[in-house]
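Shown next, in structure tokens, is the structure this report addresses.
Going in written order, the chains are labelled A, B, C and D, and every chain counts its residues from 1.
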Amino acid sequence: MDKSRSGRVILAYSGGLDTSCILVWLLEQGYEVVAFLADVGQDENFEEAKKKAQKLGAIKMVVPDVRKEFVEEFIWPSIQANGVYEDRYPMGTALARPCIARAMIKVAKEEGAKYISHGATGKGNDQIRFELSAYALHSGIEVISPWRLPEFYNRFAGRNDLFQYAKEKGIPLPVTPKSPWSMDANLMHISYESGILEDPMTQAPEDLYQMTTDPLTAPDKPTILDIEFKNGTPVSVYNHEDKTKKTDALDLFLHCNEIGGKNGIGRIDIVENRFIGMKSRGIYETPGGEILLAAHIDLEVFTLDREVRKIKRDLDAKFAEQVYRGFWFSPECEFTRDCISSSQKYVDGTVTLKIYKGHVYILGRKSPYSLYNEELVSMNVQGDYDPIDAGGFIKINALRLREYQRLRTESDKQ
Amino acid sequence: MDKSRSGRVILAYSGGLDTSCILVWLLEQGYEVVAFLADVGQDENFEEAKKKAQKLGAIKMVVPDVRKEFVEEFIWPSIQANGVYEDRYPMGTALARPCIARAMIKVAKEEGAKYISHGATGKGNDQIRFELSAYALHSGIEVISPWRLPEFYNRFAGRNDLFQYAKEKGIPLPVTPKSPWSMDANLMHISYESGILEDPMTQAPEDLYQMTTDPLTAPDKPTILDIEFKNGTPVSVYNHEDKTKKTDALDLFLHCNEIGGKNGIGRIDIVENRFIGMKSRGIYETPGGEILLAAHIDLEVFTLDREVRKIKRDLDAKFAEQVYRGFWFSPECEFTRDCISSSQKYVDGTVTLKIYKGHVYILGRKSPYSLYNEELVSMNVQGDYDPIDAGGFIKINALRLREYQRLRTESDKQ
Amino acid sequence: MDKSRSGRVILAYSGGLDTSCILVWLLEQGYEVVAFLADVGQDENFEEAKKKAQKLGAIKMVVPDVRKEFVEEFIWPSIQANGVYEDRYPMGTALARPCIARAMIKVAKEEGAKYISHGATGKGNDQIRFELSAYALHSGIEVISPWRLPEFYNRFAGRNDLFQYAKEKGIPLPVTPKSPWSMDANLMHISYESGILEDPMTQAPEDLYQMTTDPLTAPDKPTILDIEFKNGTPVSVYNHEDKTKKTDALDLFLHCNEIGGKNGIGRIDIVENRFIGMKSRGIYETPGGEILLAAHIDLEVFTLDREVRKIKRDLDAKFAEQVYRGFWFSPECEFTRDCISSSQKYVDGTVTLKIYKGHVYILGRKSPYSLYNEELVSMNVQGDYDPIDAGGFIKINALRLREYQRLRTESDKQ
Amino acid sequence: MDKSRSGRVILAYSGGLDTSCILVWLLEQGYEVVAFLADVGQDENFEEAKKKAQKLGAIKMVVPDVRKEFVEEFIWPSIQANGVYEDRYPMGTALARPCIARAMIKVAKEEGAKYISHGATGKGNDQIRFELSAYALHSGIEVISPWRLPEFYNRFAGRNDLFQYAKEKGIPLPVTPKSPWSMDANLMHISYESGILEDPMTQAPEDLYQMTTDPLTAPDKPTILDIEFKNGTPVSVYNHEDKTKKTDALDLFLHCNEIGGKNGIGRIDIVENRFIGMKSRGIYETPGGEILLAAHIDLEVFTLDREVRKIKRDLDAKFAEQVYRGFWFSPECEFTRDCISSSQKYVDGTVTLKIYKGHVYILGRKSPYSLYNEELVSMNVQGDYDPIDAGGFIKINALRLREYQRLRTESDKQ
């Protein structure tokens, strides 16, 4: 692999100790490094990181703002798909990775770089999501994943080795002590894992959460929101309390985050199954996402035909697995998103919700395309419905059951 | 159908106005009536109902206590199956119907009755659940469903007709005014629907709820519970606050109800798709059920292999539809329950939860059979895991994606 | 229902004894009758039927030729969907019913008729397919189904009653004796059922088959066909033997029928599950359909991504059930067809088949959009494939299995 | 990996050039080699292979006869599961691999060997099936896969290198020229792939097939078989022609092979999707398997409830994918087999088939546990079936469709 000793590499750079060491190590191996940090809404000093990267020897640092496309092109399709992995995890990290990877591959093409590199570990999902996206978008790209290279991970076996290397190379050491867990943040969520959280019985410490208020100290007064959808996509949020209305996708999402955050919405503590085949424990907070998911599912049942929804539900489960496993840019996920999207044509309407101390309550919903027929369902109105038909319906459905009992009773095995 | 003018009928009798009128009407048609009211944990004056039935002319009234079998034989399998219809409704009514129908068919056989009768409407799910169970368990039974008989529903077109009939026949009129909705209660839940709730945008009035405290007025101090499972079935609940531990199935469930109830757990407002093909709006409160479902799903991910769980999840969805539609006693539901039950062999362990103002929080979990391996997943321990393998794993997974991009790009359709 | 005593009815009329009696009976009840017989390619003397209907008193008889739309709008989507019910039945009847019903509803609207009527029995699928299509396309239509009306079926309890009635009413009696089974024919298939075929162990007599030659007497020389598809739809058939090429949809299908027919292709003898809940035994011959289905499935695996195909396969199964049960015109079937259709964008290419004595053999296939990469798969060329990666792929896939064995062995239940 | 230079290795040895070279190469690397060749019914001179292995330096050669367990423990469950990958491939190789791997791991344990080795290529499925089975059964085993080791595959880049090496090391060269494709044989099937078959449009040459007669030259007289099942497993085959009856599992299977083989049954030419992510083209002949699969599916529809079968069908598809991908010994495949097996309790009975020139025809079936009710389905007997019920059944099923049309028409989007 002599060739890998030369050439340009785009490095996903966070400004932290790990990727700073990787940056310097890549230079040491003879690469030219372009640092890359996508703004997906995380709380980060991008200017600081830029300066640091350049000081360490990067040719330059690119910091694209992909927040809007993250919301519109990744989060919205996931809301349409009621995107939740293993029934609980709204996939904040899994949705951001392909968005980031796409921006990075764009830079790689612009810079004529043959390599990309990242600091993800060799046991996680993110290496997979990142690299599958990269390979799918740029078939010829090569990936340098130091934490999977023996020459790297044997050299930096413990945190002390990184410190030592940083000191030697003039890499500024972190001033704040590392929290006893790792985290990943974007505008959709923050995830916390590893460290003390690896014991699945250890409770998450209260000071861990950064996006959400503790429900115990959240406001005593609920907030009421109206969330409006078109084609299964949120188009406005109206806050009954302060009478604000947000219609821009990014504004709307951030407002949901704000309301969800201050009311303690979207905290979960789960064990999940990584693609790599191991179980891991994660704490997540997804305040705005949980509100929008609750609203969408409510409107969907209201507007979609029952049987269409059943088929779509299977597709939703497939979507969630595809995304979680890093297959956003795959033929199957494109197909699944196409199908799901075509199901949302009539998912228009407004859902009213109450947000209070960690829980989202649906209060009501309306839609110009609802298949709900108040008159038909009414106990007081017979309407164009003949109850006698129900008797025939039941008798025919019972036919198979009665036959089964009769024949199995006649001839049952001992 | 002259024969139907004579003979004995078992009537599902609630003591209310409707079934009282039906009782008298059946007598009028020449039937002998045995009144039947199963105790499934609803808040009911069974003695009062009994007296009333006999006063109205019933030969006798049978009131079996099926609470324990309801919990053990119907709720527990549903917990194992994470039984939730259309992702939200825990099926409190749907689970009770086959339990009640089974008890009723037992009485029909004992009494040599050829008929059963009930007061369910012709637009709902309950007529179906009730009758499919009955036909499946007693192939020759005949069902008299007055609200589907023109001679009945034409005669009693409005509530006034029932009042008029009651007055004529000496049926005691209800002393309390009817609430502007209907409800169905058992130990698992109360459901509210119709009347003012038929408008899907009308909020449920606060005085509607009977099992749960309003989260706004619920205790400010959370309750911590440990729920222990064996084979996916709850075997004990330990309350950290009052140090009580419940191990009897019925006690355990009622304790979860109590804790859930006072903390405002399990209120939902949904639109759902009835089997009959119409959408309806229901308000439900399922306090204990929601707690146990949250605990079970957590333990299941912890102890089941990922791929087993994925297969089981499809079965869970089938189970929920079968039960919702009234097919508990069907070959497919028996088969589904068998499969699900066999998946639960190792779902043993304890989940710790925090219950607070309408929301259930998972705090941690442990199990003797967990497939979670703290050492394997650890960021700090490499263990018996070679990170290089992950590179190959990713490359092979990317093969298909890269080929797809390459070939589709080469030969893409315009 | 006095109103039903007057008004105009469109009767699905075959010219046979049953529907002739129904025609006269409807007139007797006071209806005006418009006879209707769709040409779906069955072997029928349409002129004869027309004269007969008018002689019996029909206002007129409408005989639309729907063969082309049957092929293009019903059979083609089913080929795209590999449409086979319960893994064996290519649904020749199930596909024709919605096509016929649509044409009939068109006539009903043109004629201002409030009613439609048919001679399907009360135990079969066809009444359902027919009526669900009608209701879906014309919400207000009313259906008169004599074989479900006691006043009709009690009067005509046996075949003799029909004969008697025919004699009384001057309805010409059939000159040929009725075969001891019933059949339904269209250009896609002929089905045979009931009568002596009701015993599932009785073999179909050789003189039953009408579309296909007995494989034992079929030509000793195979026929080679090239079938070309665009978007998963057949666009040409080339016959290597006689050098003919058919490109018109109807011609193409009929040529496949001809080749399939003379080579004894597409005979099946199955038991199937009717929607009504009973099992029935049917003999079918679908010569052209079987050839096209075999070709399509081959090309599909060749051109579709593996994971897309897997998702589509689930949709195919749903499509088959929807169509079999009569839900062609339903939101779910529209959605399913949309999804399936969008999957077929690249299913272009040609499949070469050998047709010989009852069996279809695939000989080869080619496509401009195949995802098959001869170089990549070659044993002799390593290409852009690193075999070391496979080792990592396997080890990571094994991780979960090894953990499972290790943990279950350590802690196994007794 | 110094340790890998010493120690004992069990080598899957076929006696051919490749594995002979591997054997010698392993000795060269310092391993002790135990040669292993499972008898799965392939046409092989086991004594010859044994002598050769020992001559080349193997400590010993173990040749277990696993034919019976292959049939009973692998093929039978696959028959129960209607085991066919991607709707066409009956998985003859995929079923044999776990059987062979299990026998090999048994030897590894007996011999105290730390390593196993095989000659499978780095692009195929077999390496995966083999190794996943090995890891699942013996978590600590290590696999030496020379065709994935650069030091091996770079040295033996072409066939000439193997010849050269063989000459140097005194390995006997093959006397017959290698066919221009590779094959894998066992008692269930022979597969052919690669070489000239890599072009998916090239027809398989007629002299390729070894298990089956060309249908063109197969007997002109059909053979009639009765195949009897208990619990979905074949228990006897009766041949109407020669009046023989086979009841031993191995005899029975071999008899089906013989009949299928001489009548040209079970030849397929397909493109399939390998687990590794590439498409490959394979020719297979599975004479007995195709017969048994056709019989089983027929009996299954006859005896299983419709809805049970539908659920089982999904499980069947999962089973096929699991087995094809090498996950026989996995928690999910164990679970799937358990569920499938429990569905087969009543799949007892006899199917009569006609075998003729490449095609299997079902003639009839009978069962003590059929859910087929001849009287119920009869057109001539009304029985305990009220046709009026069907009207109600249809109307209720139409309710949703009518509503959909009505509401969508009222409010349709432009």
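By our rule, a residue touches a chain if its C-beta (ideal position, glycine included) is under 8 Å from a C-beta of that chain, and two chains touch if they have at least 3 such contacts.
The model shown is predicted, which means the values in this text are computed figures rather than measured ones.
Among the remaining chains, those touching chain B and also chain C are A, D. Taking each chain's centre as the mean of its C-alpha atoms, the one that lies farthest from the centre of chain B is D. Between chain A and chain B, the centres computed from C-alpha atoms are 32 Å apart. Once the centre of each chain is set as its mean CA position, chain A and chain C turn out to be 43 Å apart.
Per-chain CA centroids place chain A at a distance of 40 Å from chain D. Within chain C, the positions touching two or more other chains are listed as 276-278, 305-307, 310, 327, 330-331, 370-371, 373, 376, 385, 388, 390-391, 393, 395-397, 399-400, 403-404.
Chain C makes touch with chain D in their complex at residues 82, 86-88, 121-123, 127-128, 131-132, 135-137, 139, 145, 147-150, 153, 182, 194-195, 198-204, 215-216, 220, 222, 267-273, 276-281, 297-298, 301-302, 306, 309-310, 313, 317, 321, 326-327, 329-331, 352, 356-359, 361-366, 370-374, 376-380, 382, 385, 387-388, 390-391, 393-395, 397-398, 400-402, 404-406. Of all the residues in chain A, the ones that touch chain C in their complex are 276-278, 305, 307-308, 310-312, 314-315, 318, 327, 330-332, 335-336, 338-339, 342-343, 396-397, 399-400, 403. Put simply, chain B touches chain C in their complex at residues 305-307, 345-346, 368-371, 373, 376, 385-386, 388-393, 395-397, 399-400, 403-404, 407-408, 411, 413.
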